[in-house]
Amino acid sequence: MSQLLPVLVLSGFVVVFGAAIIVVASLLGTKAAKSKTKLETYECGLESDMSGSTKVPIKFYLTAILFILFDIEIIFMYPWALSFNDFIRQGYGLYIMGAMGVFLLIFILGLLWEVKSKALEWE
Amino acid sequence: MLIADKFLRIGPEHYLALSAILFSFGMIAVMMRKNVIVMLMGIELMLNAVNLSFVVFARETGALNGQIMVFFVMTIAAAEAGVGLALAVAIYKKFKELNIRHFEKLKG
Amino acid sequence: MIYEAISFYALALFLTFFAYKTISATNPIHSALYLVLTMLGLGAVFFSLGAHFIAGVQVIVYAGAVMVLFVMVLMLFDLKSELQAFSKGMLSGFLKVFSAAALAGVAIGVISHSVQVVDGASWGVGDPNADVTKYLSILLYTNYLFAFEVLGVLLLVVAIGAVALSRMKGGTHADRR
Amino acid sequence: MGSDIFEIGVNFIKMVLIFVMMVQLVPLLVWVERRGSAYIQNRFGPNRVGPLGLTQLLADAVKFLTKEDFMPERGYRFLFLAAPVVALIPAALAFGAIPLSHPIFVEPFEWLGQTWGPYQFDFQSYKIGIGIVFVLAVSSLAAYSLMLAGYASNNKYSLYGALRASAQTISYELAMGLSIVGILLLFNTFDFSEMIRLQSGPLSFHVLGTVYTFDFLPNWGIFYQPLGAILLLAAMFAETNRLPFDLPEAEAELVAGYHTEYGGIKMNMFYIGEYGHMLVASGLMVTFYFGGYTLYPFLTPGTVSSWFAGSTPTMTSVWTSLILHVVFLTKVLLFLWLFIWVRWSLPRFRYDQLMDLGWKTMLPWALGNTIVTAIVIFIMRTSW
């Protein structure tokens, strides 16, 4: 807990700082007349139309999910990198290389499949 | 005095109680909500509650097996979220809604 | 002791409040954002329990990846507040809440009776200065090696499955067939 | 945070000062950027307000603060105001974990009729054992401020901009995370201070049991991991949304992006976040690959403290830390200048090129770097 406390204090301080800036800016800011057009959403002068269905490419979602899966595989490499030297020093270097080799092979297979299946193509 | 001591001396049972409360919140979300994505969030909350109890037991026994389980549970939760959201996207495309009852009408 | 109690109750209050907001917010995006705060709070709890690396992974995987995916998908759908977020029926709703509360109550009751018998002295004795992360990684690549490799395969399968599931023409609002 | 009131007070003030330093560096960097880009493009840049145009920053701050506080009618008010604040948090938290200089050791002293100390004050906001994982964790939260801004504006351009930006951020997070694995394999630690300590000696290669030492070169990560350094730097450019990866705010060909509806100081806070990320990126580059606050043959904690052999241990420690801090700042400023330089040297990518670079080029190269590093380290360190 004692190690975490400064982090919490700092994040609290940053939030207070940011909120204070926004409050000060809203107090100091010029008060101009607000008209209906001004408050409208900015869409380069066209009438905004949020009610219609907005088409968003599914690619964004696919990128995010592939990101999660690869992110976890990368995180699995961190403990491996951390203990790599200890394994070598104990004489188990070949073992740890093989253990990670199999995992990396699966990782590379996944990456190759994604490239092959054109899941990563943006046109 | 004894009761105050029970509340102030933080031990594993306090963390486990917190875990149980979070788990039941996740359970309520799964049972009560109709939006598929919110239900998935409820499942994530339940998995997190279980992770908390794993970490507490790891700390209590002094062995790290619990922490490794947390690692695995996180992986599985992420995989589950990925597939679940893929299904949600499929439902939304077909029915323009994320209601759970539409799952009955999906077929391959 | 009193500081530990204060920090525990503050974190517990934070967690239960945001977990409650997660399940009660009618706008799914707000739900997801409250859940992010819950995940961050749990990361803090893990950290304070000495699981430093697990806390970091919790934030990276849950708050930084899984919840980003949730928020992104919800933004893709551009959902508004739901008029009917909860399932219908007073009686069944009451039963559902009651059963969950009963589960929590039973669990807490059992915990408060059993843990004291098992435990006693070991709490707090764990050496905080030991290099936990290194032990963790050595354990992961020796005793749990098989599970680790299987998880690699699982992630591969999920990647293929997700691509296959979402490989359809058009965007989120593709025409009905 | 400390055991007595003095230590807690110093730690708190230190934390606030480091945060203020980060925030204060932003207007200075904006000035450097404007003057620097003017220099590169052979024009004058802001030179009217004050000497060399330096007080332009103050004028800008006043302008930002007195602008009309505007928000679109259809947005979500709380989230709209929260997004710029959230933009500050990841950079501030990550910067706090990077050691800026050698710790200061204070001997016991008498003050107010009481004996205080001894203390050790780290020259960073907080020291966290899992440093690298912590920095990765907090900087993975950066995607939220983009998505909050895009969603809360309730504007199609903002929404698309936010999706574009967050997809870019998370894609390059992979390459960033993977390019660090090489340096982890090398140093086998998550702790920044330990990493810097390992880099403060002479360059020495272990080849099959024998050690070859080069006395004139420092033991910096760049000599072992040149590819990793390049990949990390490129990924950092993308993470900070700087040119050539500035599609989130490519105002010329795409409407501004997630901050279309923002103006005044709220817009500026996104920039504080962006420059803060640049600072964190430079700090990480320096810590991983360029020896942190040490410069081996001349300026290491050992050599610098020997200059002050006559003074008290506390003063020696303070002066050593300050001098080493200047070394760190110099290195960081060189990297910050690189960020500005690249902006006027490279054209912007197209979005599909950007994604191709992240997934199909940088990720495989980072993977190859990891594998080669592991094999080489395995061969070198095994006692055959």
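A few notes on this one:
By written order: A, B, C and D. Residues from 1 in each chain.
Operating definition for what follows: a contact is a pair of C-beta atoms (placed from the backbone, for glycine too) under 8 Å apart; a residue touches a chain by one contact, two chains touch by 3 or more.
For clarity, every value in this text was computed on a predicted model and none was experimentally measured.
Distance from each chain's C-alpha mean to the overall C-alpha mean is smallest for A.
With centres defined by CA atoms alone, the chain at the far end from chain D is B.
Contact count check for B-C and A-B (C-beta pairs in contact): higher for B-C.
Annotation: 5 Å between the Cα-based centres of chain B and chain C.
Here the spacing of chain B and chain D, counted between their Cα centres, is 34 Å. Mean C-alpha position of chain A lies 21 Å from that of chain B. With centres set at the average Cα position, the gap from chain A to chain D is 17 Å. Along chain A, residues 3, 5, 54, 56, 58, 60-61, 64-65, 67-69, 71-72, 75, 78, 82-83, 86, 100, 107, 114 each make contact with two or more other chains.
In chain D, the positions touching at least two other chains are 128-129, 133, 159, 163, 167, 170, 173, 190.
In chain C, the residues that touch at least two other chains are 4, 53, 57, 60-61, 64-66, 68-69, 72-73, 76, 78, 133, 136, 140, 151, 155, 158-159, 162, 166, 168, 172-173. Under the touch rule stated earlier, the contacting chain pairs are A-B, A-C, A-D, B-C, C-D. The touching residues of chain D, counted against chain A in their complex, run 1, 11-12, 15-16, 19, 23, 64-69, 72-74, 81, 84-85, 88-89, 92-93, 96, 125-129, 133, 153-157, 159-160, 163, 167, 170-171, 173-174, 177-178, 181, 184-185, 188-190, 255, 260-261, 264-266, 269, 351-352, 355-356, 359-360, 363-364, 367, 370-371, 374-375, 377-378, 381-382. Across the interface of their complex, chain C is touched by residues 1, 3-5, 8, 53-58, 60-62, 64-69, 71-73, 75-76, 78-80, 82-83, 86-87, 96, 99-100, 102-103, 106-107, 109-110, 113-114, 117, 119 of chain A.
In the complex of the two chains, the chain C residues touching chain D come out as 29, 33, 36, 43, 52-53, 56-57, 59-60, 63-65, 68, 71-72, 75-76, 78, 133.
By the touch criterion stated above, chain B contacts chain A in their complex at residues 74-75, 78-79, 81-82, 85-86, 89. If you check the complex, the residues on chain D that touch chain C are 79, 128-130, 133-134, 136-138, 140-141, 143-144, 147-148, 150-151, 159, 162-163, 166-167, 170, 173, 190.
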